[in-house]
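Listed after this line are the structures, all set down as structure tokens.
Below, chain A partners chain B and then partners chain C, in two separate complexes.
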Partner chain A sequence: MDQPLFNNINLKMGGMVLKVNKFSLKNQENIFSWIFNIPSIIIVLLVMLYPMLYALWTSLHRYVFYRKTMPFIWFSNYLSLLHDEEFIQSAIRTLVFATLNLSLVILIGFIVALVLNQDFKFRGIMRALVLIPWAVPPTASGLVWKMIYDPQFGLLNGILRSLGLIQEYIPWLAMPRIAFVFLVITTAWRQFPLVAMIFLAGLQSIPNDIYEAAKVDGATSFQRFCKITLPLLRGSFFVVLVLQTMFSLRAFDEIYSLTYGGPANSTVTMSFYMYFAAFNKMYFGRGAAIAYIIALITLAFSLFYIKIFYREET
Partner chain B sequence: MIINNKTIYTKLIIFISRILIGVFVLGPFYWLFLVSIKTPIEYLEVPPSWIPKQLYLKNYIDIFGGIFGGREVFGVQIAPGAAQSIPIALLNSTIVAILATLICLIFGSFAAYAFSRFNFRYKNALFLGYIITRMLPGLILVIPIFLIAQIFGLSNNRFVLAIIYAAITLPFTILILKNYFDQIPYDLEEAALIDGCSRIGVLRTITLPLAMPGLIATGIIVFMMAWGEFFLALILMSDNAKVTIPVVVARFAMEQFTIADRGLIATCGIVATFPPVILVLIFQKYIIQGLLSGGIKG
Partner chain C sequence: MNFKTKKLIYLSLVLLLVFVFSLLVLAEEDKVKISLTIWTPSLMTTVMDGIKEFEKQYPNIKVNVNDIPSKQYADFLITKLVAGAEFDVIQMKDEILPSFAQAGWILPLDDFPGIEQYREDLSQASIGQMTWDGKLYGLPFYQTIGAYAYIPEILNKAGYDHPPKNYDELVEMAIKIKEKQIEYKGKAIKYPIGTLTLSQYQDIFNIWVTLVYAFKGEHNAIFDKEGTPVWGEYGRQALQWLYDAIYKYEVINKVNLALEPQAAMENYAAGQGVFFLYSGDWMFGYLFNKPELSKIAGEVKAGLLPTGNPDKSEVGLTSVVCRSYVIAATSKHKEEAWKLLQFMGGKDKFGEYNQPKRILIEDGDGFAYQSLYDDPEMKEALAVRGSIEVWAEQNKYSYPYMEITGFNWFSDWMRYANAQLNGALVKEIEIDEALNNMEKKAKTLAAEMKE
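Then we have the complex of A and B:
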């Protein structure tokens, strides 16, 4: 099979026939692989790696856009953030948001996966429908739910009023606590389909024989669930935790379109604080520092999950 | 008897949960659609009507009427202003998303093919590099990309935005497509190579057609991401002629308390959501397959 491969190279390289013929198959694979990879590498380097380093450089400077000078200030941007009351507040808020978001998304996603894992008539249609929120642009999902929470004609007010639970329409998003919870629900609505699909993949990879064997041995359905389903889904749980922590720590789009940080800063998460610092106050060095802090927290969580799941295995 | 009762209860619970899931998923859309086709008087009614009394298409005509050139469509006067930004944004989003998808699929499939088929020096290091870039939060990119775009005058450029989206999704694309290529037996390609087919020819006539489900799934996911991405579009596309649809949606959502016409806002949401949702519904088989085959785990 060597011959045609060599012909191939000869055709491509015209005048370099002699030289190319000396190449071993291995060298040829090397060259092909790198030619195939170069476009991707260039794009990823230019658009991701270079900006990332640029952000690191920015975060070490007092980088204000309208000023000409950018003094190098070591880690002052990071240190000043630790003393910034508003930033600490936003960090706590982000962690609360992430916790609530994770719990809700995992709860809904898991239930949906369990339902979809059963055989029923409209299963295919249902599985397709469940994917819909995942396809919705994040800002649009903020808009959809803003329509539902609307103080003057929203669906939520309408339902509660029709049921006689409230007498007057309530401006939900004007109340800090409620706005925060509603933000969690809104993001969970868009994010649960992916989690449900991951769990579904995990559930379908569990062979049915195990359940049958347990049934024969007299295990109740609850026991089967706790002793078979949950332990075997550990891999899925790991993936979900890593991905969903990443998503919830960087939540931005829904906040922008649903509450824009309000009311009274009650929905300003770290990512939104970064947006304010960089694009309202033009403190780019500071903003870049916040972005790196978010990245570090994400990384810390990922390592934490790896440690937990790894220790359980040994 | 007791066992029988229990199964009835379980069945009932499962049935109810199915309906609840359906309502949770579709309810918000129904409400949005309802608002978009209600008259301004009707949607302010308390309590709300669940089925519109008349079909009111003025919002849709306001948005798309401009395309047909007239100031009047079907006898309805087109309102100037905000609605006009939507078709432009839809066009921009379509251009950006399709460009990003093409770039991503072409370059991604080349790289994934190399990873799947060849052994080469630094292969594992490169692969690890892609995995790490995939896991890094995109939030870090926002500020430097804005600054770089300002310095080199790259903002308000749809092609630049498409390349950025392609780059962000490339590592993910490579991981998924590699999985798909791995499933295609190499024997087929070897046979073609022996028959004198070129490497590129093999890729074009054998591997890519066989990997089509994977390409479709990945393509749709990239398209969706590029269609919905907001933060980078917000900071890069300030020109009204270049802005993409998520930015317009966010503007409409924020103006909810100042614009009286909620119908138009709801219509904007419907219009922005329609293309990706339709794509996902059409290709859901491939996408679920792609997701279930472990692509997300990569």
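Then we have the complex of A and C:
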């Protein structure tokens, strides 16, 4: 900004002196970078910023599909949720779900990453195979697990019965707490490969020299793990925590295909309740308000993680 | 023929082909294109055949079909209609018709030419199902009522010569069949009463509603005309009956609490039960009496719904559900849409009830046009449901489903009610608590809608 866009030069033509602005190279680069970036900026603004602002605007209105008017009601949609028992229950359920899901995904993902980081035969194939659950569309994964838990023909019942652990087939998804736990397992099954890959990338970026130096200094495997591996994976943990918190808070597809919120609403999370508010009740404004609350909670968690990780670094 | 002549002939042929192709394209372009949006996979063949026939009868109209899965149907329409998307003819479910009509997304048919002939022939219950604020919005492609299914052979083995007339008798018979370990299709019957699924879908609500109407024995058993909950003690009795049948008498399999809707019917068709509560008339033609799909084909019969209150009604009341075709307000070709709507839900160009008849004959669904009861082809097709007299008698004890669904807060309340009813049956909450919650929710939603 401190450099002028054009520098003046004088051109002598015959008896005349013509003043011409010289286009500096740096400014030329600036302009080109703007020209090339503007289309993508416009696209980003259109497809991301516009819907976000529109959702915010919607959340401030009484937007009910079958009403002709759409009055501006400030934060009433948000405030009404504070008195909505179903929403509060779904919020609590979401936090429990996110905690369980996050713990399970990190645990499995980390163990798998540690195993895949070892040198063994067919390691490449194993790394590719581990990614399969992540490639399965969430709705399809929900349907596959639904068949596994089926009360009449399900694999789970079949195995338990053949082991003599149950006498007759059990309708697992008719039991609220078990259905909730099975939902966590189903979601974690699809999500752990991504986490494993992030940890694996982190593990591979740790130089071997450090481990060797620690070995020479007499550090045990456990000490090497605690003093080298874990601290140097802090970046990966941060990414995993932010991403997984976001995924857990927004979980929808598996719920839709596995339990549809049942039994007895025991698997209705905030995002699923948002779907009910918008498409069942047709209160689009309230649905948008729930979406913003989910976004704000995600943001709060992210800031919390940043604070913790930064504080440790400083 | 020299090379030049050959080349000329080939070139001429290509040009001719291009010309003919262009003519065809132009002819196609000249046609008025309208859309038909449906959710009914089970009727797909009949619908597609119907469209071919319609396009023959009206060569200047081309119909494009949007087939949407049932579960996402309402969501799909809502998102599209809110965005102002253009539709022409839409299949409509009774439970969402009031909201769509109130939103102005569908057109009343009262001013369309020839509507009176349909009004005169339609059953009153079906008119009630398609009417909002005094205006008729659709023509039906099927109307269904419920009764229950039973297998006389098993009842005879248990020593009964008649189906149960009330719910106490039903339980008594079921217990006896269970205790006697009567065999059917090579297996002892463990759970004599089959039901629609009791998981958190609309079916659990329909079963509870059927029981409440049976125990109360009169119309408006769930809500009064203003939408105030009035089930009272009968609601509790109904839910308690289901609870006891599952846990106390063990005559309903608790697996039903986690079944998909289709699976519950298939279990019965596989010979796993004696009774099936609550069976729509269409289930007989669609599944129970289809030999290629059902082990009980030819052995199952329809019975009049048991009463829970003999002083008020000798037979349990059944709801009339009516699925219809409507015209979207965004349609730009209303005249052509009206022709298609009549063809699919009423009469074709030659004055025949083409699709409503095909839907009974090919797919086993019911119909709403009274004159069709005299049609010999229809009489023959109805035989698949067992006794025609039973259905005619049950029809006398029917009420329009709109008595329950006709409030703009209904679909959200039903979602909540499904969860509460399911919660009571999976022992998550007490029966009284579930019913109190449902009552409170209905009042809250009604008040919210008035704001």
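We take it that the second predicted complex is superposed on the first by the 289 of 314 C-alpha atoms of A that agree within 3 Å, B and C clash if a C-alpha of one lies under 4 Å from a C-alpha of the other, contacts with A are read in each partner's own complex, and residues count from 1 in each chain.
We adopt the following convention: a contact is a pair of C-beta atoms (placed from the backbone, for glycine too) under 8 Å apart; a residue touches a chain by one contact, two chains touch by 3 or more.
None of these values were measured; they are calculated from a predicted model.
> Pick one for A:Q152: touches chain B only (first), chain C only (second), both, or neither.
both
> Is A:W34 in contact with chain B, with chain C, with both, or with neither (first, second, both, neither)?
In the superposition, A:W34 contacts chain B only.
> Classify the contacts of A:W172 with the two partner chains as first (chain B alone), second (chain C alone), both, or neither.
A:W172 contacts chain C only, not chain B.
> Using the superposition on chain A described above, determine whether A:M126 touches chain B (first), chain C (second), both, or neither.
Touch partner of A:M126: chain B, not chain C.
> With the two structures laid over each other on chain A, which partner does A:F75 touch: chain B (first), chain C (second), both, or neither?
Neither partner.
> In the overlay, answer first, second, both or neither for which of chain B and chain C A:A264 touches.
Once the two structures are laid over each other on A, A:A264 reaches chain C alone.
> Which chain, chain B or chain C, is in touch with more residues of chain A?
Counting residues of chain A touched by each partner, the higher count goes to B.
> After the superposition on A, what does A:F304 contact: first (chain B), second (chain C), both or neither?
neither
> Scan A:A291 for contacts with chain B and chain C and give back first, second, both or neither.
first
> After lining up the shared chain so the two structures overlap, which partner does A:F225 touch, if you call chain B first and chain C second: first, second, both or neither?
Neither partner.
> Residue by residue on chain A, keep only those touching chain B in one complex and chain C in the other, then list them.
Overlap of chain B and chain C footprints on chain A: residues 65, 152, 169, 260, 279, 284.
> What part of chain A is in contact with chain C in the complex they form?
65-68, 86, 151-152, 169, 171-176, 259-266, 268, 276, 279-282, 284
> Write out the stretch or stretches of chain B touching chain A in their complex.
14, 17-18, 21-22, 24-29, 31-32, 35, 43-48, 103, 106-108, 110-111, 113-115, 118-121, 123, 126, 130, 133, 135-148, 150, 163-164, 166-168, 170-171, 174, 190, 193-199, 224, 227-228, 230-231, 234-235, 245-247, 249-250, 252-254, 256, 262, 265-266, 268-269, 272-273, 276-277, 279-281, 284, 287-288, 291-292, 294, 296-297
> For the complex, give me every residue of chain C touching chain A.
Answer in residue numbers: 74-75, 78-79, 81-82, 99-100, 102-105, 199-201, 254-255, 257-259, 263, 267, 408-409, 411-412, 415-416, 418-420, 422-423, 426, 428-429.
> Residues of chain A touching chain B in their complex?
Residues in contact with chain B: 1, 4-5, 7-8, 11, 26, 29-30, 32-34, 36-37, 39-41, 43-44, 46-52, 54-55, 58, 63, 65, 108, 111-112, 115, 118, 120, 126-140, 142-148, 150, 152-153, 155, 158, 161-162, 169, 189, 194, 197-198, 200-201, 204, 239, 243, 246, 249-250, 252-253, 256-258, 260, 271, 274-275, 278-279, 284, 287-288, 291-292, 294-295, 298, 302.
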